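Supplied in structure tokens, the structure appears directly below.
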Amino acid sequence: MATATLKGRPTLTRRPARHRLLPYLLSLPALLVCIGILVPFATAVAYSLQRYNSSLPYLRKWIWWGNYQTFLTDSAFWNTVYVSLSYTIWTVGIELLLGLAIALLLQRTTRFNNAAAIACLLPLMIAPALAALMWKLMTNPDFGILSYLVGLIGLSDFRWASSPSTAMFTVVLIDVWVYTPFIMILLLAGLRALPRQPFEAAELDGVPASFVFFRITLPMLMPYILTAVLFRLLDAIQQFDIVYAMTQGGPGDRLMVFQVQAYLERFQYLNVGRSAAFLMVLWLITFILSNLFIKNWLRLRERARGAV
Amino acid sequence: MASKISGGAVLRAAARIIVLLFFLFPIFWVFLMSFQTNQQILRIPPSIFFTPTLENYTALFSGRLQTASGSLDIAFIKNLLNSIILSSCSVLIALILGVPAAYAFARFKFRLGENIAFTLLSFRFAPPLLVLVPLVAYFQMIGLSDTYIGLIWVYQLICLPLILWIVRGYFEDISPDIEHAYRVDGHSWAKTFFKIAIPLARPGIAAAALLSFIFAWNNFVFALILASADKQPVTVGALAFVTSAGIQYGIIAAAIVLSVTPTLLLALYAQRYLVEGLSLGAVKG
Amino acid sequence: MTRLEIRNLSKSFGSLRLFHDVGFAVAAGETLALAGPSGGGKTILLRLIAGIMEPDEGSILIDGKDVGGVGPEARDVGVAFQNFALYPHMTAFENIASPLRARGTETARVKERVTEVAALLKIDHVLENQPRELSNGQKQRTALARALIRRPKVLLLDDPLRNVDAKLRYEMRLELPRLLAVADCAAIYVTQDYREAMGLGDLVGILRAGRFEQIAPPAEIYTRPRSVEIARLFGDPTINLLPCRPERTAEGLQVEIFGRPMPLPLHFAAAEGRDCLIGVRPEHVSVGLQNGPGSLPFELNAVTPLNVRAVLFLRDAAGTELLATCPEDDALAFGRGHHRVFVTIDTSRALLFDRENGQTLALPAAAQPLAA
Amino acid sequence: MHEKAKDAVASFVAGRTSRRELFGYGAKLGLGAATMGFLLNEAQTTAQAADFDWQYYKGKTVNLLLNKHPYADAIIADLENFKKLTGMDVKYDVFPEDVYFDKITAALSSGSTQYDAFMTGAYQTWQYGPAGWLEDLNEYIKDPKWTNPAYAWDDVLPNLKASTSWSGVPGAALGGEGAKQWAVPLAFELNSITYNKRIFDKAKVEPAKNLPELVEIAAKIQGSGQNVYGIGTRGSRSWATIHPGYLSAFANYGGKDFEVADGKLKAAMNSAAGKEMTALWVDMIKSSGPRNWSTYTWYQVGTDLGAGASGMIYDADVLGYFMNGGDNKEAGNLAFSAFAPNPKGSSPTPNVWIWSLALNSYSSQKGPAWWFVQWATGTEHGLFGAQKMDLVNPVRNKIWQDETFRARIAKSYPGYLEQYAASSPGSKIYFTPQPLFFNLTTEWAASLQRMVAGELPVSEGLDELAANVDNQLKQAGLG
């Protein structure tokens, strides 16, 4: 009938090859299609190690770390680092707070809230390059509606992107306008997907709202926040469209972010080597940031889903 | 007590109004501008009272614009078409490539799996200019320069990682037992993938597709450098309205309005999936 | 005839060894109830049998054929998942019909079979509903129907009553044996509830720490548990366990409990001089109001009725507790407790366990080992 | 027949390839020596024919890259004539100026054969030429086999011819020794004052005679209560901010961008004259320039003038010309005035911008491309453009003498011809040619932006700029 253990020769079963290969078969096409990008990447690395200005072909040579070395004492480089980082911190910080606030406002599933969520998404559908054009129109000191409106509250000489003191504010404002919806929609999705029980329990126990928010909502929302911040952070530090369309990095060097600097170096100054070196530094920053974030994200997600 | 609650409600309602105003007013204003002539737009101070004109739209659709220095050819409708071709083909291909890969990362623990996933994601984060510059030369060499295929390929760098990330999260949220049950019922792996996995992940796929469509549509720098006038999308094409005969503000406004329309329609169509679909596998559903 | 046979099965996840060198066999028409603490690998074992996972080592035979490397779709196995795993985008009908569709059964026949099985499970009125419109009980029955419809060779039930309410659980516990009998397959029923295991299994297997501690018919599990743990788990109320050391004296083999030497039958000789736990089932403790020969004075603390029997909570002068049962009618005599009673313990039917490792040292004479 | 072979043969006939190369190439195409010999004979016969054979490249297609500009519109409007004349076809891509040069750079630096000929400014050739992306057009112009005798190269204004040719040696004079003709002028603009008569009359002011006066008058207009600002100039963070009004005035004050000694360049922007002029300029922008000056390109400068938002501009004369027509609000109100900024009584020294046509050195069909350039920069198309389109200012003497053209301008653009007559003798490129032009001039603009924003004083700003420029020249091996 039945025995506890049937002794026999142990046999080794293996997953058949097609089973073991399946995940590779599924994921490799995507990888293969993208992997080609490594060729131009490698070329760019090589460029960054050369003194290479297209208009001075006879001076082209390998200088290895030369381009990077000049960065150390180059105030333009450090200005770019500073501008890029402050742009990133301002935009992502404001967008996160604002996006979270709006998501909380629209958290409950009502007809109005759903419609409002889609409406708030509209700015995301306007290409940043076009959005910048739009804001340029609206901030024109003469006929721009925004200049007119701030004039009504006494700021008659507000110069938006054209004054060094308000240029950063202006581009950050545009970025916030365009990209807050992205964070908002992710966090809204997160809020609406949260399980109900902890909140119901907290309500029954009469736990104060602030405690619920900081100790329950926020930690449970963390994977969403991290994803939203990751995508925004890496896009913000690579900002190009808005700044280039608004001021091309000016006034002065006030808005000279990495990609604008690299673009100018490459396409206007033909300084291929220096441009590539700028971009390599940018790449390094994004690589470290994304690694950091993804590790944390995976850890948080594991925690949120419980063990195994 | 009751008054306290209604006080909070009033505050929240006011906050909602302010939020909507902030996001929608600029669009509303541009929408108004698109029905004004350049002269009306350039009035000082600006005003919301004007006799609407359709001339901006007529110019965009007819492809001709009368300006101070003669008539101007406008390829805007062609640009719009290019945008549609580029974005939808890119998203489609990214879905074909990305959904199976996302499924693999969500369902299987395999050697190098996480590495491949991270590598794919990291493509999204490489500075576009870094690869773009040498890419122009390589495209030249292999004959991909100024082709839709070349552009769509580069657009994969925008679409594919986003789709992978979101769809993978969504797959992880679906209990694998549902697929197991289907397999046990006697269905093949492929049938299970198409009849169970994909239909169940539909909200995630729809949300990811919509977001990556938006990002592809909004892309500027790839098209700027890689596309000829023939293939360029609206983002680059709209620059053409800055002309020697002055900046055609009304036309720019109309172009913005038109360029938003396809994405907006898509978003309205996919709205019920949008919030539901972005669950990212973060919380056990 | 052996329908399902498992040989030398091992499976680990990384450094975590789920089970090692496991084997058993189940005949057609027989149900193996798998019990054991959660995390013991029961669900994983089902997945290995279903082909959802592959073992590291060992083989699985269905009707004598090794199904290693055979995909789940070709194993002819029915599974009812703990979380039901219904297809949310299909109606209950389509859910149940899925195994038939997979084999290309003709439409008329599918309808006939689904209706038949649904009637059997009393869900024929909700067939057109989608899973989210079903109650938990209906979902559970739909999942069962899907597993049963094809009359699979092997039926795997993963704690199917876990996510349903008490009333339904009670009903299903009565219904399931009938359904399993109709299905005529080798069934494995995973549960954490030991009463369920005893009630449903022709065989009960206890999976602990990666091994089958015992696979045996329910009666044997009860009377001849392989370890103190099994003895403790199977039995309600729980077995009394007391530390002791059997000694040979002039009067024969004796053990001192409650400060009094008690005789042990000779077959307990193996335990002589060792630190043991003596296990006495509550039904082997008789309680009376009169002092008699060999009886011990106890304080009766409480009387709790349990179905047709009552449980008596006793305590001796030293404070050691003891459980006893008696027919509920007899218990009336004890009132509500808190008075002195006298207890006799039938040590001849006691169990002896090693105090160190919990292994059973000696079994009661009355119950002869069953033939393998 | 064999188009490639024909090309190769033509190239040999023109003396640009050796006979061995030619026959080697023929072999590659699978042609025997006999066939090549036949083709060669045919070609030489054609070339020696007295009349220029416009139909030589019949059936070929030339690909152009054009900037969105009235000059390009003129070409496009006249294309049918070219096609009829030559039997060739023309395809073109038009890009807006914001991205136009970046497109060229992207195409040329990748060795693209996509475009055979393209529009370019003179400054750009200082990069493209040394980079090896352009053909030296002297080899075509000076060879009768390639160029129609009726082309009349000598008729092109000498300053413009010089300004589009350069030896490639950093700091060497334009059109000097060993200069290569990197491009041929199509049309050009020089910098002068265009003002709004209506606004001027209301403010009761006359066009300024010099820079200090200009500063005053601009301020007067600003304060005349007409809700307009005084003067429009470019201010975006771009080299294009420097080259029009600013550099014209800078040169007029005797300022120089670089000193050249022993083949090395040294920044000279911070000379006393340069500082004096820049200080006035910065004051002028601060007190009466457009409020968001630092984002102004020529589009905004022009749009404001045409819309009556500014009193005048100190920018390209043709910008005023464009704004004086069409449906612009101020069309007909604009007037032109030559301008010599230095009060010490010199004549105008306008810096010029020359839209030119150049040949891609990677092009696989330079012959047909040159056929096109030759036609587009020739007298016939020039006349068409000047009389019927806005190909203004023309680059040929003959066109300036054309009565139809003069009458048209005199009628619709009062004062324009006079302005031109006063400005043109001193008009040329006042920059020192060197390959880092865009880099260093953009820096100059950024520096100017900071001065206007009041972030640093003019004198200090120019000193800092000069030091910075010197440093970059050294890094590049030019300083």
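Order of writing sets the labels: A, B, C and D. Residues in every chain begin at 1.
What we mean here is this: a contact is a pair of C-beta atoms (placed from the backbone, for glycine too) under 8 Å apart; a residue touches a chain by one contact, two chains touch by 3 or more.
No experiment lies behind these values; they were computed from the predicted model shown.
*Asks:* Could you give the fewest steps needed to travel from chain B to chain D through chains in contact?
*Replies:* Each step joins two touching chains, and the minimum needed here is 1.
*Asks:* If every chain is reduced to the average of its C-alpha atoms, which one ends up farthest from chain A?
*Replies:* When every chain centre is compared against chain A, the largest gap points to C.
*Asks:* Between chain pairs A-B and B-C, which one is joined by a greater number of C-beta pairs in contact?
*Replies:* Result: the pair with more contacts is A-B.
*Asks:* For chain A and chain B, what's the span in angstrom between their mean Cα positions?
*Replies:* 15
*Asks:* Using the average of all C-alpha atoms in each chain as its centre, how far is it in Å between chain B and chain C?
*Replies:* Chain centres of chain B and chain C, defined by C-alpha means, are spaced 57 Å apart.
*Asks:* Suppose each chain is reduced to the average of its Cα coordinates; what separation in Å results between chain A and chain D?
*Replies:* 40
*Asks:* Check each residue of chain D and list the ones that touch at least two other chains.
*Replies:* In chain D, the residues touching two or more other chains are 102, 106, 109, 309.
*Asks:* Taking each residue of chain B in turn, which ones touch at least two of the other chains?
*Replies:* If we look for residues of chain B contacting two or more partner chains, we find 42, 44, 137, 189, 236.
*Asks:* Residues touching two or more other chains, restricted to chain C: which are they?
*Replies:* In chain C, no residue touches two or more other chains.
*Asks:* In the complex of these two chains, what residues of chain D are touching chain A?
*Replies:* Residues in contact with chain A: 101-102, 105-106, 109, 126-128, 130-132, 235-239, 290-295, 304, 309, 435-436, 438-439, 442, 445-447, 449-450, 452-453, 455, 475-478.
*Asks:* Mind listing the chain B positions that touch chain A in their complex?
*Replies:* For this pair, the touching residues of chain B are 12, 15-16, 19-20, 22-24, 26-27, 29-30, 33, 41-46, 97-98, 100-101, 103-105, 107-108, 110, 113, 116-135, 137-138, 153, 156-157, 160, 162, 164-165, 172, 189, 207, 211, 214, 217-221, 234-236, 238, 249, 252-253, 255-256, 259-260, 263-264, 267-268, 271, 274-285.
*Asks:* What part of chain A is in contact with chain B in the complex they form?
*Replies:* Contacts found on chain A: 20, 22-24, 26-31, 33-34, 36-37, 39-41, 43-44, 47, 101-102, 105-106, 112, 114, 116-130, 133-135, 137-138, 142-145, 148, 151, 177, 180-182, 185-186, 188-190, 192-195, 220, 223-224, 227, 231, 234, 238, 240-241, 258-259, 262-263, 266, 272, 275-276, 279-280, 282-283, 286-287, 290-291, 294, 300-301, 304-306.
*Asks:* Where on chain C does chain B make contact in their complex?
*Replies:* 47, 50-52, 71-75, 77-79, 81, 83, 85-89, 98-99, 101-103, 146, 150
*Asks:* Would you mind writing out the residues of chain D in touch with chain B in their complex?
*Replies:* The contact residues of chain D facing chain B are 68-70, 73, 93-99, 102-103, 106-107, 109-114, 227, 299-300, 302-303, 306-307, 309, 319, 322-323, 325-329, 331, 389-390.
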